[in-house]
Every structure is written in C-alpha cells, then in structure tokens.
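Pasting the structures in now, so scroll down.
Two complexes come next, and they have one chain in common, chain A, joined by chain B in the first and chain C in the second.
Right, the complex of A and B next:
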C-alpha cells in the first residue's frame, strides 16, 4: 500500500489514441473550470456571478434585440472559424484571418464605391472581390511557407497589423466621407447591402451556414480533404500520392484567406456598410479560437461559434454593472487556455510501475 | 532644429525602453525554445498593476516591483502550461494576451485616466551627461532606463554567450534532446527562463505607465507587445541587437509624435506600420534569396514542445 504513495512508483505515459468522447468531456470540463475560475474572480470583486450570468443569458436569449445581436455576432465568427479550420486541417497556423478579413472589407469598399448596377448583380461581384482580397493577403505568407519553409505564424501575424493600419489610413485619409454622416471617421456608405430578414440580422447569416455546409461536405466526403490532411501530417507523403506539398500549402492558404475575406465582405455589406477602424472587432482571432475548440468538426464549429458569440454578447451586460466591455476577454482567454491544456492533458495517463522495475534499478545501481 | 532633434531622440530612447524590456523578455523565452505570444497581455497587466500600486502606496519602486511580481506569476502560469503540460504555445500565448487585456481592463477601470504622480528620480550620469547633445539624449534618464538599455542586455548577452550555463540555455532552444543527453534538465531551464521572460515583459508595462505615459487607460499598450515580438525576430534573438532594434522602432514612435505635432507631410499610419513592414522584410528575405544566413541565428526548437520519449 505504501508503495502506491511513493512517487517513484508512478510514471506518466502518453497515450497515442484518445477517443473523441474523452476529448469532448475533457473540453467540457475545461470550460466549466474556466467559468468556475472567472466566477471566483467576479465574486472577489463583490458581484454575484450567478446573478450576472443569468442576467447575461436573459438579455441575450430572452429578447428580440438580444437574439438579433447574437445573430449579427455569430455570422462573421462562423465564417472566420471555417477559414481558420480550413488552414488547421493542413496543420497551417493562419493567424492572419484578421488581416485577410480587413483586406476583404477594403477590396469590397474600393469596388463597391466605384461601381453601379443592380443590387443583386453587384453583390455577387462583391463576394468575388472580397474573396480575392482576402486570398491575396494570404499569398505572400503562403509562398514563403511553401518555398522557403518560413513560419506562417509570424508572417501572417505581422500582416494583420499592416492590414489594420491600412484600413485606418484609408478610413481617415483617401476614402474619408467628408459629409460627416458616420459616427467615426469612415468611408462613404456603400450603397449595396445584403437584405435584412430578422430585425437587423442580414441574409449573410445564411451565407455562413452554407459555407459551413460546404466545409462539412468537403471535409467528410472528398479525396481532396483526405489528401490535404495526409500531407499536413507529413509533407513527405506528397510524392507518393502524386500531390505537390508546396502547391497544396499555397492552395489551402489561399482558400483560407479567401473565406476570411468573404467574412469581411459579409460584415461590411450586411452590418457596418462603411469602412472604418476596428471593423473586424477581432473576429479573426475569435474564429481561430472556435476552430481550436471545435477541432475542425463542422458541428463543433457551429456550437463553438454560438458559445463565443454568447460570451461576447454578455460583455454588454458587464458594462451595465460598471465593468469594462473588454472584461469579457478575460473569460475568453481563460476558456482558450483551459481547453488548450485539456487537450494535451487527456493524453497523459499515470501508470503504476510494478515493484520489479525498482528492484532491477537497485540491482543496476549496485 | 537641434532642439527638435534632441527632443525627438530623447523620446526615442524613452519610448524604445518599453520595447527593450518586453523584447528581452521574449528573447529569454525564445532562446529556450518557447514562443510567447502573450506579451501584449503581460505588458497590459504590468502597466495596470504599477498604476494601482502607485496610487495605493505612492512608492514608484514598489510599483515597479509589484508589476514584476505579477509578471513572474503569469510567466510561471504560461511556463507551466507550455513546458510542463506541453500545451500548444501559440494558443497559450494568445490566451495569455486575452487574459491580460481583459483582467487589466476590469481592475483598471476605476483609475482610468487619473494621472500617476509617483515618478522615478532622474539620475544624470556624472561627466557623461555633460557631453553636448548626446549627454541629454542618452545619459540623463531614470534608473529603469539605464537598466533596460545597458545593464540587462549586457548581463543577458554575457550569460548567453560567455558562460557554460548560457551554452546550456542555448542548446535547450536548439536541440533539447541533445541537451538532455548531455545532462541538462530541459524542463527546469525552460521553466526558469520563460517565467523570467514574463517578469521582464511585465516590467515593460510598468515602465510604460511610470515613465513614458503616466496614466492608465484601456489599450494603452497600443500593440507594443506585438512590436516587441517583431523586434525579437528583427534582432534574431540577440539581446544586444534587440536594443538597436528597439531604438529603431522607438524612433518610429517618436517621429510619429513629431510628425503630428509639426504637421509634417508624412502619414502617421505609415510610420506605425513601419515596424511590421521591416520585420516582414527581414522575415521573408530568405524566400527570395537562397542564402539562409538570416534564419541560422533563430533557435531551432522554437514552438516545439519537448517530449523526452520522442526522438526526432
């Protein structure tokens, strides 16, 4: 019995295979842990966490306005999550979703302000323009990764900031709306917009669902997806299955960037209508979080996006009790940290090492 | 004209100090093979803790150290998740950014906008500070500025490149398996230096609110954490080059201020994007140029968790 208390008799082993169910419950536990820690923090600051949580849920799900806001937040997060998951499928860390999103909005603004025609036709053109904008922003990191094996993490990250500053420059500089109709410095209103159907919620929501559907079909039923996953796991597989790894890297990065650009197109034509600072509201980063939480599963992306949108929406409630809107970032970060750790932790298992091994050890020492 | 130049360069030195401290923190971490993308959150936490402590105690050094302690605690948390649990470094870094930004926003709300009165005493270095022009730019600052520019980089440089322990540190970042077979404990070294990196980065935040911009407001970090990461890549993880990189990027900040104050025909947005553009240029050079000299100096094991059982 005492042997079991001796720490030398225990060893940590790494499991090679972990069932999906185990991972799911580990994630659930991690999220509960994050909620628990943040409620302690809320409690320590003198507020009642349960009451606050109930208030947040009630204001989001219990009112028309709340649901409308939830849908508006959900739409871009769903699309950026698919963009991130597409790159992750190949093991590519496209941190640049945010920047590609911005470039989508820039491209749409530049074309949308200088083109005339029927709304429907123009919107189709703008979809293509947005996709091209986002894809182009992913091109440079893709080439660098494919041909010189330069980490896409840093290059896409740097391009994010350049994209944010580019939007800032355009919104207060060349594209600035001189009439002063916007609340903040922004471009003129783009006259083509996605029709609204549920209050202010636009049909971009269906775009998001369709994209998620396409993603699901491609990832479950196509050889393309299977090849991509294989090459992502081991680039040496490429020559054996007749696919060039570097070309596939470029293609996947462009698709991922294109989807991110489309998210930008949907957001600007459906919700904001003008190019302005902070138009993305960190949707790119939240998309990455959802893609991580869901591990690329389409159903997971849907659930994860709703969850993150709920958390973000509750920021407004926090504001009403005197906390900053950004306090909600704390919860988001905690959830991401706990889930990231849980995924590794489920792979470890403590093994009781039998007495014999220690006897052998002692013998060797003699 | 000289006055303007002196004022710009003095601002450069003061603004660059934030980057030096944060980038040195990241250097410690990356040298042992752990990429910390949580700098923005750490700086934000350091900044708010320093401000809160200074209002509570009115002691500037205590504020500086309190920020350092909180940074160390967060550094240990980050090191524990990435080195002991071996979770994904990028995601843990991003979560640290979120945790830091969110937590500092909630605890700092009550003091937002209040000017910090406690300040460091200026210590002009005797004789050196009397040199015309250079004296007032380089040698008439408070102690943390000297700490950031002279003391810490030199100590870290000496430690890394001129001691046996430094060789161990670098080998952990280059090839942890070999380091371990030579008797170096990869986990211990990574734990220590990643945690210390957190401490230095939080000090950068304290420096920001105690010396450079003496007040707390949300978003005061203004992307400096990301620029510091850019500096480290720009400087290829070399502590002395980190200083020069920070001065260069600090100059960009100072020029931005001057451009706005004096209506120069140069876009402040363009200036703000320069650090990222320069880093991208340095980063992407090997794509167009087969000579891989640039990449050679980055630790090879960055971003990869180390499993003793796995050999690759």
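Right, the complex of A and C next:
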C-alpha cells in the first residue's frame, strides 16, 4: 500500500490512441467542473447558483426569443469555426479569422451602400464580395508563409488589430451615418438584408449549416482534402505526390479567409445591417476555439458551436439579473479553459510501476 | 591523439524498460570494460538502442541499477552520463540542421568561454577535425551534408565532450566499406588508449572482425556474452535470430527484354545549395534488369534518385520513363508511367508520421481506383486496402488508425517498400534498400526486388553495400562526385576495380 503512495512508483505515459468517447466524456467532466467552480463564485456574489442556472437555461431554450437569440449567435460561430478548421486541416494556424471577418463586413458595406438592384441579386454579389474581402486579408500571411516560411500565427494575429482599427476608423470617419439613425457611431444601414425566417433569425443560419455540410463532405471524401492533410503533416510529401506545398498553403489560407469573410457578410446582412465598431463580437476567436476543441470534426464543430452560443447567451441573461459583466466573462473563460485542459490531459495516463514486480501494471482507464 | 585516461568499468544490472505495448529491455545485466570494443548484437527491436539510451540518461529504466567503477549511479539526464564520460553517437542524428558543423560541435561544450566568437568556434572545430582525422568542412550547415558526413560530426561531437566510453549505434550503416575500415582503425586506437567502446550492430562480419567481446540480445533479453575469439558468424547469427541463417544465392533468370524502361541522357542537376551535383549522367535500364549504382554516400546519389522520380528539376539533359519524355515534369507523371520510388530518407520524406497508417499506406493510390475516383477519396476502401497491404508487407500493427510514427522503423520501411513495389509496374528506384534493417528483413527485401525483376520491372538500385549490389545487380555503375565513372556487367566486374572507382580513381583504370 505504502508503495503506491510513493510518487517515484508512478509514471506519466502518453497514450497511443484516445477514443472519441473518452475525449467526449473528459470534456463533459471539464464542463461540470467549471460549472461547479462557477457556482461557488456566484454563491460568493450572493446569488443562488442553481436558480440562476435554471433561469439562464430556461430563458435560452425555453422561449421563442431565447432560441431565436441562440440561432443568431450560433450562425457566425459555426461559419468561423469551419473557416478555422479548414486551415487547421493543413496544420496552418489562421488566428486571423477575426480580421478576415471584419474585412468581409467592410467589403460588403462598401459595395452594399453603393449599389442598386433587386435584393436577391445583390445578396449574391455581396456573398462573393464578402468572400473576396476575407480572402484578400489572408493573402499576405499566406504568401509570407508559403514563400518565406514566416509564421502565419504572428502575421494573421497582427492583421486582426489592423482590421479592427480599420472598421473603427471607417465607422466613425468616412462611412459614418450622418442621419443619426444609428445608436452608436456606425455606417448607414445597408438596404439589402438576408430574409428573416424564425423571428429575427435570418436564413444565414442555413448558410452556416450548408457550409458545415460541405466542409464535412470535402474533408472526409475528397482527394483534395487528403492531399492537404498529408502535405500539412509533412511538406516533403508534396513533391513526392506531385503537389506543390506552397501553392496549397496559399489556396487553403485563401479558402479559410474567404469563409471567415463570408461569416462577416452573413452577420452584417442578416443581423447588424450597419458597419460598426466591434461588429464581430469576437466570433473569430470563438470559431478558433471551437475548431481546436473539435479537432476539425464536423459533428464536433456543431456541438462546440451550440455550446459556445449557449454560454454566450446565458451570459447575456445572467447580466440582466445583476451579475457583473466581468463575472460573466470570467465564467465563460473558465469553462473554455477547463475544456481545453481536459483535451490535453486525456492524452496522458498514470502508470504504476512497482519496484517488486517486473511487469508493468497499467492503470489505464480505457 | 588521445588522452591516456582510462575509462571506468560500467556495470548495468537487471535493467528493465517498457514502452506502451512492448517490453524493450527485460532484466538485462551487462558489463563494459576499458581497453575493449564491446559489440551489442541483435536484430531490430532486440532492445539494443533502448539499453544504450538508458546508459546515456536519455531513458530512465523502470527497474535495475547502473554502477560506474562499483559506485551506484542514477542518470537522470544525459548531462549526468556525459559528466562520467559516456558519449553516444545515435543512429538518428541529434544535430541542429540549421547550424554549422562548428556550431553543432560547440553545442553542449561545457568549457564554453563566456565570450565566444565565430572565429574561435571555427578554430576549435578545425582542431578537433584534424586531431581525429575526420574529413568535414567546418562551416557547412548540417542540412547541406550527406548522411555519412553528418555521422562524422556526431562522432566528433561525442569525442569533443570528453567521452571515454563511446557508444556507437549502427555506426557503419551509413559508411562505405573503406570508411568503415577507417572507423574501426580509429576505434581500435581509442580502445588501446583505455577507451571503452560499445558498438550496436547487426552486421555479423564486422562484429567478428573488429570487436573483443560480443553480447547478443534477442527480444529484449540478453542471450549471451562471450569473447569474440570464441565466436563465428554462423553461431552468432543463430543466437541473434534464434534460428540458422540460410544465405541465399539468388537465381536470376537470364532474359533481356529489348524494352527500355528508363533512359537518361546527359542530365545535370543542382543540389539544394545550387551547386552542380550531377554531371552529364547517361544510362539506360531495360525491363527485367537491375542496374546497381555503387558509390560513397554524398556523391549525388540522392539527387540522382530525386531527378529520376520527378522531385528535383534538371538543369539539362532528358529523362524518358517507359518511352515517354518526362523531363522536368512533376512526380505525378512519373507515377502514371509505373514508377515506384523508395528514397534515401524514406521515413522523413515519404510518410506523414503524425497521420494514421491507412492514410500513409494510401499515399500512392489515393487518386486511382478503388481508393479514389473523380476527385473523391473513399476512406473505407482505403482502410480495406491498407489491411491487405499490411498483411502482405508483414507490418506488425493491430490498428491502422494509429499514427504511423507508432510503428517501429522496420515496420515503417516494410510499409513503404510494399507500397512502392505495388505501383512499380515498369521501373523502381530504390536507394539504400536494406539500410538499418536486420538480416531477416534484408533477405525479404532482396527477394522482393529479385522477384520484381523477374517479372520484367527495371530496377535502379543505389546502394553503398557492395555485397548487395553484386548479389542483386545485372550491371553495376559507379558514381563519384556526380559523374558515372564506368559501367560493368556484374559478372565481369571486380570488387577491387569498383572500390578504386568509388574512391575516384581514374576512369580508364581497367
């Protein structure tokens, strides 16, 4: 017995294979853990955590308005998650989803405010414009990565700040709505919008599902995705199978950026309708988190996006009952941190190594 | 050249070590003494490298103890063992590829002056190189060196750290016969001066010729330790693989098909540094013929194989595969003409090691039926395909969904070999096919190559093992500094002649 208490007799080993089931339960456990810690915090703020939790869930899932809000939050997160997952498939860390999203909205605003025509036709044009906007913002990091091996992590991240400030400048500067109709400093209303379908929930929601579906089919069943995955894991495989690794890097970054730009288009034509400061609401960041946690699995992206949308929406509800914004941010962060940690921890196991017996006893839980 | 300090007696007792799924070392006890060259003999996966990694402090044993000069020690990091004079030259080099030779020698140098200039580093490196008589240029980057040259840097690095117990993991795997001979002369000199030399090997001949004591490992256990004078190749072979080796004579049906599967005319090509490494090379390979290319590593073999498979561009000349001109086309076109390619650094350049086995097994046929069609890829069919492939290739794996990196080196090699043999309908390029493999696996691979030849596939065999070249090839060519020196019918070629040409002796020496 004493032998088991000695830390020298325990070793950490990495697991060869971790089943999807194990990962799922580990993440579930992590969420429960985070909720438990959160309830302590809520208790300390003098509120009843159980009551509050019930209220948050009820107002999100139990009402028409709640579901409508959930869908509105879910739409952009789903699309940005697919954008991020597309780049991750090749091992490219496109942290610039946020910036590409912003550029999508800028492009859509610039064109949308200066074009006239039937709603349907213009929306199709705006989809293309949004995609091009996002893709162009990813072009520079893509070229730098492909031809000079400059880390895309830094370049895409830095371009986010430029994009954010560019929107800020445009919204309070050249594009500012002088009629005073907008509440904040924002551009004039874009007169073309995605039709609404479920209350305020627009058909962009279906866009998101279709994009996820396309992503699933492409990533499972195409040679293009196969090549991308293999070259991403070892660029030397590229010349071996006759596919240029640098061209593929550029293409994947452009697709990833384009999808992020499309998310911006959907958000502005479906929900916000004006270019304004902070228009992305950090959807780009949440998309990256979902893509990482789901490891690019389409079903994982769906579940992860719903989960984050739920947490965000509950946060809004919690604020309305008096919990401070900072507490809500803390709770959101805590849940995401716990899930991320579980994702890493599940890949290790503790092994008991007895000094008396030569064989290894595996303390393996799967 | 060496200090007269003698190495300590090292004793490892009851060492056990396991990894997920395997017991690599099982209660191994072994002693190493100064003034001796001690061989650790065993097949791939016998546990030789693991045992030595434990002695170097890279792995910690699960059980057992190590004592140096009868004092119990515990090596928690490689620094501990280096401090006691134990240095290792690994089979897979531990060099920083973007640093120069001098900088790599300097890494881990415990007496580094506080202020060091590049010039001082170069001087120290040059001193070391001349002291041990190794031929490497000090200011080249490691990534520009051939594998043979990189190994010389590794050995030098261990010596420069004051190692007096020197462990070499498969040191001759990358050397030519001549270089190996030189290496053993150096090692013998060191041993005479009190160094303790440990050689991991599976080459019976060199072990019997050059060592004092031999320990045989099999499947993680030590079988025996005995004086080399008491051993002969045959009995050692039996101990090593647990059965008698049948040395096969290959029966080659003599048939020369007139069809030419590869025709190379006056090709020149540059290496990664942009220097000309291939110089006006021309040859033809007929269907059903093995053309062996002998030469010291680093004389353009890698570049030649890459040019011939569409991976590297030529600067002039033309290449026809299966009668189709493919000069400077991408490897896709070469594949279409039925070309298989087993590159020098096969694990590094033809596998994505973090990806599952079935994706790696599909690498050559993902875009042809039944695995793929019209741009689509069918994972389930790829898995079925892989299950069949690993059965024929005798790849030891229960799960084809785990990363290919989890397979042992031998299994990865077999996977690649069989993957390439399948698609080599007309022409196969193999570079160092048996490097790093044990005897049984070598025999397997040689037999596969002969079978393929007898089926009418033309094979370009690039190898540094002259025995291999002579036993397999129909014709033998010698490459030296990017030029083909001469081509012989294998029956007419003489070993000494080839040896001279490999060393660059004049073309018309015959």
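Here is the rule we go by: the second predicted complex is superposed on the first by the 350 of 366 C-alpha atoms of A that agree within 3 Å, B and C clash if a C-alpha of one lies under 4 Å from a C-alpha of the other, contacts with A are read in each partner's own complex, and residues count from 1 in each chain.
The criterion applied here is as follows: a residue touches a chain if its C-beta (ideal position, glycine included) is under 8 Å from a C-beta of that chain, and two chains touch if they have at least 3 such contacts.
Every value quoted in this text rests on a predicted model; they were computed, and no experiment measured them.
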Partner chain(s) touched by A:310 [first = chain B, second = chain C, both, neither]: neither
Touch check for A:330: first (chain B), second (chain C), both, or neither? first
Could you say whether A:288 touches chain B, chain C, both of them, or neither, answering first, second, both or neither? first
A:220 in the overlay: touching chain B, chain C, both, or neither? Say first, second, both or neither. second
A:144 contacts which: chain B (first), chain C (second), both, neither? first
Should A:322 be classified as contacting the first partner (chain B), the second (chain C), both, or neither? first
Chosen between chain B and chain C, the partner touching more chain A residues is B
One more residue to check, A:345. First (chain B), second (chain C), both or neither? first
Which chain A residues are contacted by chain C in one complex and by chain B in the other? 14
Quick one: which bits of chain A touch chain C in the complex? Just the residue numbers, please. 11, 13-17, 220-227, 229-231, 233-234, 236-237, 239-243, 353, 355, 358-360
Please give the residue numbers of chain C that touch chain A in the complex, ascending. 16, 18, 20-21, 23, 26-27, 62-63, 310-311, 330-335, 341, 343, 348-355, 359-360, 362-364, 366-367, 372, 375-379, 399, 401-403, 406
What residues of chain A sit close enough to touch chain B in their complex? 14, 41, 45, 93, 95, 140, 143-144, 147-148, 150-151, 153-155, 157-159, 161-162, 165-166, 168-169, 172-173, 285, 288-289, 292, 322-334, 336-337, 340-341, 343-345
Residues on chain B engaged by chain A in the complex (per definition of touch): 35, 37, 41, 81, 85-88, 90-92, 94-103, 105-106, 109, 218, 223, 226, 229-230, 233, 267, 269-270, 272-273, 276-277, 279-280, 283-284, 286-287, 295, 303, 307, 309
